Structure formats: structure tokens, C-alpha cells
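For reference, chains read A, B, C and D in written order, and residue numbers begin at 1 within each chain.
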Amino acid sequence: MEGTPKQPSNLSLLLQSLLQEARQLPEQGKVADYIPALAAVAPEQTAIAVATLDGELHTAGDASQCFSIQSVSKIYGLVLAMNRLGDDVWQRVHMEPSGQPFNSIVQLEWEHGIPRNPFINAGAIVVADMLVSHYSASKAALLNFIRKLAGTEQIWADNIVYQSEKEHGNRNAALAYLMKSFGNIEAEVPQVLDHYFYQCSVEMSCEQLARSLVFLANRGQDPWTEQMICSRRDAHRVNAILSTSGMYDQSGEFAFTVGLPAKSGVGGGIAAIVPNYGVIAAWSPRLNSFGNSCRAMFMVTRLAEQLGLSVY
Amino acid sequence: MEGTPKQPSNLSLLLQSLLQEARQLPEQGKVADYIPALAAVAPEQTAIAVATLDGELHTAGDASQCFSIQSVSKIYGLVLAMNRLGDDVWQRVHMEPSGQPFNSIVQLEWEHGIPRNPFINAGAIVVADMLVSHYSASKAALLNFIRKLAGTEQIWADNIVYQSEKEHGNRNAALAYLMKSFGNIEAEVPQVLDHYFYQCSVEMSCEQLARSLVFLANRGQDPWTEQMICSRRDAHRVNAILSTSGMYDQSGEFAFTVGLPAKSGVGGGIAAIVPNYGVIAAWSPRLNSFGNSCRAMFMVTRLAEQLGLSVY
Amino acid sequence: MEGTPKQPSNLSLLLQSLLQEARQLPEQGKVADYIPALAAVAPEQTAIAVATLDGELHTAGDASQCFSIQSVSKIYGLVLAMNRLGDDVWQRVHMEPSGQPFNSIVQLEWEHGIPRNPFINAGAIVVADMLVSHYSASKAALLNFIRKLAGTEQIWADNIVYQSEKEHGNRNAALAYLMKSFGNIEAEVPQVLDHYFYQCSVEMSCEQLARSLVFLANRGQDPWTEQMICSRRDAHRVNAILSTSGMYDQSGEFAFTVGLPAKSGVGGGIAAIVPNYGVIAAWSPRLNSFGNSCRAMFMVTRLAEQLGLSVY
Amino acid sequence: MEGTPKQPSNLSLLLQSLLQEARQLPEQGKVADYIPALAAVAPEQTAIAVATLDGELHTAGDASQCFSIQSVSKIYGLVLAMNRLGDDVWQRVHMEPSGQPFNSIVQLEWEHGIPRNPFINAGAIVVADMLVSHYSASKAALLNFIRKLAGTEQIWADNIVYQSEKEHGNRNAALAYLMKSFGNIEAEVPQVLDHYFYQCSVEMSCEQLARSLVFLANRGQDPWTEQMICSRRDAHRVNAILSTSGMYDQSGEFAFTVGLPAKSGVGGGIAAIVPNYGVIAAWSPRLNSFGNSCRAMFMVTRLAEQLGLSVY
């Protein structure tokens, strides 16, 4: 980050103005439609929220509207697994960029069932296996962890999305069985997938998302509760992996245009970590060809530029 | 970066002490031996240098000893091409991490001759083609550019390494011809490879390396001459690509343990950019299994930890 | 085939002598051990049987001993599916050689879920899906078909092998789910795999195997019952695909050394079709590195040489 | 083959009639256009010739018109290399089907520079290297071998095609350099490619093609001269490899529809071996999507059906 980010006298005004611009962009992209429940979302919704280390929360648009966080949930799963298993996590999933589509089965075959990183599907499924194997009720454990981070009990998984994911999850099942054939899945595959799909179907708002991840910008510590959520080392690690692998096959371009560790999901959400400053969460359902939200990308990119937030 | 790095009253002392530690590590790794000229280097040599934005240079060990910079040269080639061709560069090479070995021909085939980024061999060969096609004397242009950045005329390519590279460059020739079959090489392949091998055989010391790259830590400006070497945007871009793709198949791990944009070469050199602070250059010939210098990795990692330099 | 094969006054004596030779070969290869039930088979057992178009059956060794036919069962499944679905079969599985391991998931991905041929695992799983989707009781239908061909009711699936296959079938599950994700599996995956594993666990003797497949050497007609088992065209087709793809990754070498359409299984069985002459079935449990029985290969090769059976 | 092929009182009449049918087919396919010299061929030309073991030659259409034999030349190169190097050939090229495009570089990488068989480009380039390394004048040696087999001195390479191939041979150069990087090319790559492109540019007529390959249908012996061209074993071997790998990615389908060892070239020629009977050569320039001549395929298929020539 280039020195201390300028704290605009009115960050909220800036967010408001970016939101306006985003809403006036020519319509582009399309809503994820591989499951009906996602395809049904009103495509014009748009939101942005910034939570800072000093406990402030600035928002614009539909920032309290909940949406399906999908792959953004991989962050919570990973931190929970790191807390429980420690460095053993890295025996079963690497932390290198994948250079392949998020659901690639080819690379998994080449690397003998060890996923390249925890943010591609295969890696997140291995992490789900860790949680299933180490928690008696892994779904509840994950949900409680998210609620604690977001400071609210009002977070749930959407049951229709959850069931839909299961019915359309054949490729994820293929990834899981392939890893099991290599000995890298311990629990039964249906149970692992059940956790994985549950996790993907959690719904949160931009406000909740931003607040819940501030610990990653704060060396592992939640600034509201002052509780250590993970070690400083692990917060660094998550940010590092996000930087190379969080934005699907647009990660490299995002590193250049935004320069922040970030994770996107096909529900249209993006969470970007600004070390020592806070978290930006943005959302709008229409996706570009990489699976990243068009409007959320626009808002995050412009905000990072205007505040000089790039870490490079 | 976590706030302003601590400026140790005596950075030189710290470098000295890291160098001592590195020299006392149990011997590990081996010198690159794919060409005889590299294999003949005295393996115990070790050096570190730090050049800062305020024009200071701190060193320890063999910091004025020249060595073969090899893949570190890809940075200079890229900046020169960006300056000459502008954004057209990105029509012919992507900026995504590769997730494949640095010399992978498989990925190049899948992606129809467009390399994933300019720091894998295929990408650097495309950049070499750009220079060959746009400069009447591309080798001299590159050498002059490096000399200008390093502030000295005393930099040359090593002729024995250069000839050796040519004789052992069959895989690089395969990459080049494959790209030419896809229409992504304009000049004649032998001429492109000639430039590429020349570039790899340039010799520099850690002092020269550190000084020459400070502009990347300084938004494109050389602090000594105050000249703009490249645009602020392009400096960001290079740092971003280095962050995901500069350390071969150890880039992800390096992002975690060090958290800095960096490039390594099989000559044993590493250059790490610390945005808004300076450049660390380290060197020692023995390489780990990823092709990165064992001792240089150790010193850069420890220095980044002790000064809190990680960008994440 | 080079003219009419010599009919030795005593083919049985020749088989006897080949069997002796095979038993005296230095011990090589090892019994399939990926499931315990297969690993427990007495490894010294050896048998050969030849059934000819004129209804004769010549045997030597343990030719009435039943063994797990494994992949040889893919022939029966395919013929049954061709009879039921006609040329629609070839919309969902190709008939080209694979050039990849029998259980390759990489090729399946590249070819968008359409297996290269019905004798690699993925192809046989698609065929199993066809049977499951078109027969109310596909396992019984298959068993009855085999019994009819072999002219005996005394053929069963081995329940222990069947259960074992299920427990060790993760890679096959991965193949099946991947094909389902491409829309190339109609029934539920567990049901398809159930049929597939059942089929693999059928047990037959060399006598039964030889007799049951004579229709393929006789333009589709069973010489004992004079019933048309499949069309002449389909018999040709099966033989053609067996010629390029029946012997795993040793198919090309087998085409040269033996020159006959043939199928092997990891139970140690091999069935070779001699067009216009008959069928050779051979068995011995120890496998070479390609998964083909060492002794069965030896006997089939020598017999083909001595009788001049190669089709080339 | 199903018994002795019916010798039609007038095979020439049958060929005539097939030719008529072929000429009346709806126009389909397109002439190879990757090099201008091939694209310039008159697309309507069509020919068929059958040479039998008893020394007869039946023809129809433009059967004495010469055309670029292209990949059909791989047969001559292979036989010449087998004669010179014996079984050492098979240390450097396998005899398994490839299951990949004829010019695949991916498979070559996986298999560490050893091509799957001598009829894909990489395999033929290795064979060219053998010839270049073992003959002082490999191009003349090859041309003389072809002339001897065809019983005429009137065969030449086309110089324009030869030069054109060189200029458009970047992918073949990539294959060659990749193999050289694995140590599987002994001579200098440009010299090897020079031989390879020369070989591809040889021109022959259907009459010459048919006659020159009869030895493969006759256990290695030329029926006109009674000379052994290669061993019986090697004739079998060539036929076996042709059966699985001679018709590009349509080899499996061709095995079913025709059931003969055969080789095609992008000049529009096809040569099919009928063991113990003779050779069919057919030609017409328009190619289907696999690179095989539409009309030549049609005529060979119908002739094989009508004479019952399938080996299966």
C-alpha cells in the first residue's frame, strides 16, 4: 500500500458515487444460471461496503441485502481448518496458483490428487473433508464461526440453493472421488460434498461480509472483539494465497488492476482485503466470462485506485 | 507493508548477520548444471544488497561479484517491451499465473500459443520477439537499458554462457517454433532465440541488480536520476505479475513466507521489490528443487520478516 | 489370416505342450491386488481353450476352473447394448483407440465426456448406463445373455469380488460423475456403477469363455444353436474395436505379435477372436506391467504363430 | 479376410463403377490448403488402382496422374529404417495407437520424447533422424527405395511442395526440437526436417502406389521381382501398426468400416493393404475433417465391402 490511504472526509459519499457509476454502466455479463435458485436473483441489485480496522462501516446500495456467498465461503472454511489442524493442512493441499479453470480435473490427476490451492474447488473439497473429519457437526461449526466473525446470529444457509447445488454437483463429485482414489479424502464423499454445498449456500450481506473478514486485514485479530481469530502468520498466509488465486482465472489481471488479496463467488460477491486498513465487500449478480461480478469488479477497482490501496 | 519498515540504525549490520547465518546453514541444493559454464561457478559465494528509495545501498558478502542473472533478465526485457509497444504487449502474452513448470509446452498448446505470463520461458521468448522486431539492435538496446538502470557501463553478457545456452536450448526452440506455428512469433526463430539467450547470459552483481530495479519500488521513477523509467501503472503491473509468477513453482509459497514481488534465476540470484522502500538482491549458486537459490531464499525471507516487509 | 489355418491332427496336444512351456517359464508378473478378493487367487493356475466354428472344443490345464473375467465382460455388455440401442450407442461412445491409460480421466475431460471407445473403463461405464436405462433388470439381463452364449446356467457373479470392487471403485466413480456432468450418463451414478461392478465380477472358465464368443468369429452367428447373436456388421465392428483397443496399452504390440482382436482382464483372462476359425481363451493370474496375463499372453502368442492365425 | 476374396471376372469394371459413384457424390470436404502448392491441385481428380499378388494391376480414373503422397511416405521411411536398424527402431518410437491428433505435442511431452508410433508426425520425424544418421544421402536412398518398389525411375519429389513444407513446418520443428531436448534426435534438427519434408513431397500415381506396397500384402516379398523387401515379421508389424494408427483420428472407424491396414495423406491419397491379396490405392484431393480423402474413403470402403476384404 502506498503509504497511509487517504481517509476521505466522507468515504460513504465516495461509495455512493461509485455505486451510481456502476449502475449506469452499459448492461453486461449474466447471472450464474447453473442452478435455478441462483438464476432467479434480481440482477440489478448492487452494493458496496467497507469495514475499517477502527470499527467503522461505510456502505452504499443494497448492502444489507443477503446473497449467496458461494466461493467466498472458502475463506471461512480454510481459516477454520487451519485453526483446527495447523500446518497439517498443507500436506493435503498446496498453496500455488493453479493456472487452470477452478474446477479442473486434469491438474488434479497430474498432481496425484493434491489440489494446487484451497480456493479452487478441489482444494475447498479437501478442506471440507478436514472439517467433516474433525468436527462432529461441521456445518454448524462453520455457520457459528461465520456468525461470530460477522457479529450476528442472523446468518443462514439457503436451503433451496443447498439442494440445488447437490443436484448439479456432478463435477464436484468427480473431483471428490478422484481425490479419494488417491487417498486424499478421509470421510465418505457424500458427507464431504454435503458440507461443501452447505457452505456454498450460506447467505450474507456486504455489510456482514466486510465486517467478518476484517481480522485478515488486522494480523488475525478481530478489531471489534479484540479476539485473535487466527495467528498473524495464518492471516498473512490466507492473504498471500488470495493474492495469487482468489479471483479464478482473472487473478493475475486483478493483481495488476486492483493489487489486493480478494475472493469472488458466482453469487456476484467479492471480498477484498486491504492489509492494515480494512475490507471492501461488493456485490452485484451479473458475472463476466471469468465468473466475477462485473459491477463489483468495477467498484472495487475504482475504489482501490482512488484510495491508492494497491499493495504493489 | 505493515506501516513504515523499521529503519535499523544499521541495516548493514543486519545484512552481515544474515549472511553469516546463511553461510553456516547445512549445505543443501546444487548448482545449475544444464550448461557447463554455470556448473563451474564457485558454489560458496553468497551476497546480499539492499538499495533504498533514498539512494542508500547496504551490502554484505560478495555483493560486487558478478554472476549470470538468467531469468531475472526477464524483468528488463519486459519493461523495455512495455515502453516500446505499450498495451499491445498483452495481446500476445497474458498476465495470469501458470501453475505449470516454467518451460511447459503443454499449456502453450492448450492456450494456442499465447503464454500465461512474461516470466515463464515461453512468455519471455515472445517478449524477445517483440524486441527483435522493434529494435534494429535489440541486444545492444537491452544491454544499454540495463546499464542505464544500474548507473554503470561495466555490465556485459558472458560469451561462454551465451554460446552454451544456445547449444542446450532445444526446449526453448520447441517453445518458439510452437508459438510461431500459432502465429505468435514475428521474427525468425533463430534470431529470437539469439536475443533470448543473450539476455539470459548478462552478468550483474547484487549491488547492480538492487540499484537497477529500484524504479519498480518507486512508481516507475529512478530515485538517483529522477528519470521516469516506466509509467506508475506499468511499475504496478510488473510487481503484480512478479507476485504471482516470479519464483517458478514456488511463487505461492514465496508469497506467503516473504510476501514481496520477486524474480529468481538459475544463476542463484533473487531480486525482491519492496514497494515504497527499495529492492533486495541476494545471490548464492546452490538451488533448491524449484530452481531458487537456497541461501538467497533464506536471507530474503529472514530480512522480510525482521523488517516486516510483507505486503500482505 | 494367412489362408486356412492348419488344423493340427491334434490341436489338443499342441495346447498341452504350450501349457507345459508356459508353466516352466521363469516366474514373472504379479496377481492383481487392488482388491483383496482378486489377490487371493492361486497364482499358478493356467489354462487354455480353443472353440472352433465347427463346434469343437480343445482344452489344456485348468480350463474348467472359473475365474473373474473382469474387463472381458465389456464385450458382453457392448453386444447387449448394440442389440438394444442400435447405432445410437455410437453417439455416446467413440470407437477410436485411446492412447491413454484405461482409466484416464484427462482424455475424458478433453473430449467433453465422450469416451474414446467402449473397452476403456469410461466407455464401459457409459455402456452400463445404457443397459441400466433400457433394461428393468440389467444385471439379470447381462447374466442371462452370457449364460445363453456359453450354453450353461452355471455362471454367476462372485459376491465378494462384487462388494470389493464397489469399495475400491473411487476412480470409476470419478469417471462416472464427470460424464454425468457432461450429460453422458442418464441413470443415477450409483446404480450404473452397481451394474458395472457386477459385470466385472462375473466368473467363467476358459471353456465357457471360448465357446461364448465364437459368434464373433462367425459373423454374428452362434454355430451351436445357429442363432444370430448380433448382426454380421456388429460382429465386424466389435472385432475392429478389439483390434485397436482390447489389450490396454499393449494393444499395438499385441496387434503385431498376435494379430488378432482380443480382450484381456485383470483376473488374468484373455479372449482372442480368430475370424472364420474360432476363439482362443487363456488364463493365468499373474499380470505384466500393462495388466495382461504373462502366461496367457505367451500361450496365445505362440498358438497364433504356430497356426498362422494373424489377420495381417 | 473372409475366405478367398471373390475375384470378379472383371475387377476393372467394378473399379470403374465405384469411380463413377464417387464422382457423383455431393461435393464435400476441402483440399488441404496449409501450403499453397497443395491448395492448387484440381479438386475433381479421382483415381483407384488395385495391384494383386499375381501381378495384375486394375485401375480406373486418373490412376496414372501423380500427386503428393505426403504421409503415405511414412511407410517407405519406416521400412527403410527397419531394414537398416532392425529392432533398435523400437527403442525410439513405440507402436501403440496415439489417441491424439497426428501432430500432438502434448503426448510427446508426457512420454518424454518417445512418439507413440511411426505414423504420427513425431514418430516419422524420429524415423527421418534414423535415416539421416545412417545414410550418407538419405533423401536419395529413400527415393531409390520407392523407385525400386514401384518398378520405375519416374518418381520425384516436387520441389515447390518441398520448399513450401519447409516454410510452413513450424509445428514439426517444435516436435523435433522437443524430442531433441529429450535426447531422441541424433542429427541436427534442420537436416532431419529437410529429409522429412522431402519425403512428404514425393509424388506418385495410384498405379505406382499400389504396386510399390504389394510386398506388405505378400509377407515381405515383391511378387514381380520375387525379392524380399523386408522380413515376413516386419511386414506383419507394419500392417499391425497401420491397422491401429494409419488413418489419423479416424483409424478406429476405418478398422470397422473397411477392416484393412491403411495409410492416408493430406494430398488425398489412401493405400490399403489386403493381406494375401494385394493393395488398393485411391486418390482424390478433397479431405474430410480428419484429413482423409472423402472420395478415396468412399471407394476403398465400398470395394472392401463388395469383395469381402475386411480382415475381421
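Here is the rule we go by: contacts are C-beta pairs under 8 Å (C-beta built on N, C-alpha and C of every residue); 3 or more make two chains touch, one makes a residue touch a chain.
Note that this is a predicted model, so its numbers are computed, not measured.
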item	value
Neighbouring chains common to chain B and chain D, by label	none
Chain D against chain C, contact positions shared by both copies (same if over half, else different)	same
Reference chain C; chain at largest CA-centroid distance	B
Inter-centroid spacing, chain C versus chain A (mean Cα positions, whole Å)	49
CA centroid of chain A to CA centroid of chain B, Å	32
For chain A paired with chain D, centre-to-centre distance based on mean C-alpha positions, whole Å	56
Chain B: positions in contact with at least two other chains	none
Chain-chain contacts as defined at top	A-B, A-C, B-D, C-D
Chain D-touching residues of chain B, taken from the complex the two chains share	105-106, 109-110, 170-171, 173-178, 180-181, 189
Interface residues, chain B side, partner chain A - complex	1-3, 94-100, 107, 116-117, 219, 236-237, 239-241, 243-245, 249-253, 255-256, 259, 261, 275-276, 310-312
